[in-house]
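Okay, got some structures for you below.
In the two assemblies presented below, subunit A is common to both, partnered first by subunit B and then by subunit C.
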Partner chain A sequence: MTDTTHGMTLACRGVSFSYEEARAPIPALRDVGFELGAGRSLALLGASGSGKSTLLQVVKGLDAPEAGEVLLDGSGSADAGYAELRRQVGLVFQTPELQLFAASAREDVAFGPRRLGWPEADVSAAVDEALELVGLPPEQFGGRHPYALSGGEQRRLALAGVLAMRPRLLLLDEPFVSLDPATRRELSRILSRLRAGGVTLVLATHDVDLAWALCDELLVLDAGRVAAAGPWDVGEAGRELLAASRLREPFLVELWRRLGRDPATAPRTTAAAAEALR
Partner chain B sequence: MTPPSARPSEPAAATVGGSAASGSEAPLLDVRDLRYRYPGAPVDALGGLDLTVTAGEFVAVVGANGSGKSTLARLLGGLERPAGASLAVACGCDLLSEEGRMAARREVGVLFQNPENQLVAECVEDDVAFGLENLGWAPEAIRARVDEMLERFWLTDLSRREPHLLSGGQKQRTALAGVLAVPRRVLVLDEPTAMLDPAGRAEVLDAVHGLRTGGLAVVYVTQEMDEVVGADRVVALEAGSVVYAGGVGGLFGDVALVRRLGLGLPAAGELALELAAAGRPLASLPLTPDELVTALEGAR
Partner chain C sequence: MRPAVAQYYPGDSVVHRLDARAKFVAVSALAIALFLRDSFAGLAVFAAAGVVAYVLSGVPAAWFWRAFRPLLWLVGLTFLAQVLFAPGEPFFSFWIFHFSWAGLQFAAFLSLRLVVLVLIGSVLTLTTPPLALTDGLAWLGRPLRRLRVPTDELALMVTIALRFIPTLLVELDQIMRAQRARGADFGSGGPIKRARALVPVLTPLFVLSFRRADELALAMEARCYRPGIVRTRLHPLEAGAADAVLLILTAAVIVAGMLV
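Here is the complex of A and B:
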């Protein structure tokens, strides 16, 4: 079975992409370049329509870049083994629960691994593991019809369908949208565990607080171009850059600054903040 | 899965209490013991819900996924037939009759949770114009109103774009512009900012609050606890029933209830709870960053 303990490295070099429309092509990505190390987590930020979803689809290989290339573990699309690397990239779409279709939770999660031609015993083990990982124990939830689950359970089931294929690079498109706060906290814990397990994560989101809690680095897109890439800049320049992209600084960074503390020391979690302020 | 159109339908004249029902004292929304059950479902999605909203009020509706918020939004807009109610009136229209529901669809602006279900036209500006065309507005008046809405929701550059080429946030702004283009007395908005960037969230929330001064009543469904803070009242649903209705501070002050409902506090409140657990309780529960900073500095 695929070794999932090592995350994949990701690099984009000069990636451009346009959508075709009758009148004229709409440029969505322009000369996008960045690198992400194995097991690192990246917050993909930017205003609505800045190209976040498009970039995830190009990295997954659903759309071919018209210029530039996507390197997975250093390999490009012309290299042998690229198709296998691409299979190890998991993409969780926006509102993925709309794509649940099977008659039971277990069958829905099994669809991907089966399509990869895995032996049935491996499929079964992967399904159990994935359901466990997202907090839907297979003995309790495996036989349930997906539509009989709550919205938050459906979101986690859809995530399990991607995790069952044991991705080494996991791309998530607005995974927290429309979830209630308790389910957000649960999903945040799941992603923290995946991160601790070594999976490389890319999280496209408008939620800068969850991005701050979960991600080592950030990539800010502005009209399809890279406006910033690398570690979070919590200084004045970083704050202005986020504001220019219709974003804001994370709550804990803002709080540290307003309390006269060094924003560079701002904690990543509420619990750590309470410990520091106690 | 696709809900029926929320667009205005043929005029109808089913009202409760005659045409004077829209007097300034009468609530714009008034439902008592409202019930709904999805076809084939074993239990009610809404069971005996009461809600009254008057002109100029902003009422937030919160609850876990599956608690009945979207069902309530659709019922208030006349888009579903209630299983029953002792009273169900929206803008003077009786939601218990087919004619009343058709009339309510003209009066109550509903924004669906998923904007994909709302966009029907070939391009952004046609979509924003759709409701006005159905109301028979003159072409020049439609043009002026559409241009105003496109500008207000930063869609002018995208006016000819096909909906399927829009981002999630652009789709949500298009749907909002279409709903707000039509003058209304009641708006029911189901997570209107879910797909928006932080600046877009603040702008939409400001715009909706601004409409209240014109007497608009707003029912605002949200999972963003920070957006609840400015509401006049908050209604919390659990398994299709109202378990809290009252001031914002009263809900967030009952932390056990908030946790049971799968909700949370605004970020400042969550940090205050962690601080109390770590041995530093604050004098009062802050709900905004300003209140938190004041409480922390005041205690020094």
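Here is the complex of A and C:
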């Protein structure tokens, strides 16, 4: 079984991709390059249509880049063992609950691990672990029909379906969309637990506050090009950059700036902010 | 995306601008004439008309060819079936198959007729948006309303079905990608294994479709849709001089095709 305690490193070099259309191909990614260390977490920001989802699908290998390459743990697609590395990349689609299909929660989560060819005992253990991790205890939820769960429970079940495959790099496409506040908090707790567990995370989102709380670095895409990459720039330039992508700066950064404090020292969570302001 | 059989190609050519009703009548008349006439010369006249219409439409050959390619199987099968089993004086026999010049000629004729039919029909569907086509059909079917055939409702059903085909294709693609990301394999194994591999795709697709149908029905009711009420149109169909020219030209082609 794969080692889940160490995240995978990810690097993109000059990645380009276009969608074929009737008249002319539509470029979605142009010369995208960045690096992400093992166990680091990256916020993938950008306006709708800037190429976030495409980038995630190219990294997972569902689409082959036209130019450039995706390096996983330093290996490219020509290297031996790349297929295995690619299997260790988990991708949670936007509104993944729409892809649930099995007759019980357990069966749905077991789909991925079974495709990996694990022995049934390992599959069962991975399913239990994943259901537990997303807060759907297997003894209570395992036998439930996926469509009989609430929207938030379905979202977490779909996440469990990917986590059960023990990804070392987890890609999430807008995981917080259309969730109620309680489920958002729950999901963000799950993600920070994964992050603490050493999994490398890429989080495509419009929610800068959650990105600020969860991510070490950011990558801003603008019309398929990298507009910014690296650690958060909490200064004026960073703020303008986010505004150009129809985003705002994180609430806690703004608060620190308005309080006359150095935004670079802005805390990541409200709890930490309260502690600092007490 | 690969065009489905003779999928609409947006454009602004002379052929595109013609009224859907005129185009439909012209194509139907040509198709009937095509099947009434059984000489190569007549076929050539209809084929020429089809080629002229196609060239005027400005649809790229690659688009047409990709849409037409799947139909080659049908053409090939027609040819084979005719050539192998047609009666006539055989010049070559093998087991139960007899090849005759008459059979060969007949098979060639039938396959060519099919090709010409597809060409003419494609010009219609390539240059007419599906919505205009169903609107046109509903208009042409109006006399049937006297017989209490709900033509407008049928047209609306067809319109909605057509409208959701691209949406469903996008959703199908998304679901297949998501299940592939979870290790699903749709391309290998025998037919039973492949059919089983589709369960994780078709289940969510059906659930989504039912949910969408339900929401659409509610939304239509909320916007006061009631069957049996004659609605006015935002874009009424308008036939002009060009359409009259089309119908006259079609009549001329049919007469020429029948007489040569």
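Criterion: the second predicted complex is superposed on the first by the 278 of 278 C-alpha atoms of A that agree within 3 Å, B and C clash if a C-alpha of one lies under 4 Å from a C-alpha of the other, contacts with A are read in each partner's own complex, and residues count from 1 in each chain.
Criterion: a residue touches a chain if its C-beta (ideal position, glycine included) is under 8 Å from a C-beta of that chain, and two chains touch if they have at least 3 such contacts.
Just so it is clear, the structure is predicted and the values come from calculations on it, not from any experiment.
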item	value
Clash or fit (per the criteria above) of subunit B with subunit C on subunit A	clash
Touching partner for A:L62 - first (subunit B), second (subunit C), both, neither	second
Which superposed partner A:F111 touches (first subunit B, second subunit C, both, neither)	second
Touching partner for A:A237 - first (subunit B), second (subunit C), both, neither	neither
Partner touching more residues of subunit A, whether subunit B or subunit C	B
Partner chain in contact with A:M165 - subunit B first, subunit C second, else both or neither	second
Contacts of A:A264 with subunit B and subunit C, given as first, second, both or neither	neither
Touched partner set for A:E174, first subunit B, second subunit C, both or neither	first
Partner chain in contact with A:P96 - subunit B first, subunit C second, else both or neither	second
Where subunit C runs into subunit B (options 22-30, 40-48 or 220-228)	220-228
Residues on subunit A lying within both footprints (that of subunit B and that of subunit C)	21
Contact footprint of subunit A on subunit B as seen in their complex	63-66, 113-114, 160-162, 165-170, 172-173, 191, 194-201, 223, 225, 259, 262-264, 267-268, 270-271, 274-275, 277-280, 289, 292-293, 296-297
Interfacial residue positions of subunit A with respect to subunit B in the complex	19, 21, 23, 26, 46-50, 52-53, 94-95, 150-152, 174, 177-185, 206, 208-209, 243, 245-248, 251, 254-255, 258-259, 270-271, 273-275, 277-278
Partner subunit A, residues of subunit C touching it in the complex	1, 3, 9-10, 63, 171, 174-175, 177-185, 199-201, 203-204, 207-208
Residues of subunit A that touch subunit C when the two form their complex	20-22, 57, 60, 62, 87, 90-91, 93, 96, 98-102, 111-112, 115-116, 147, 161-162, 165
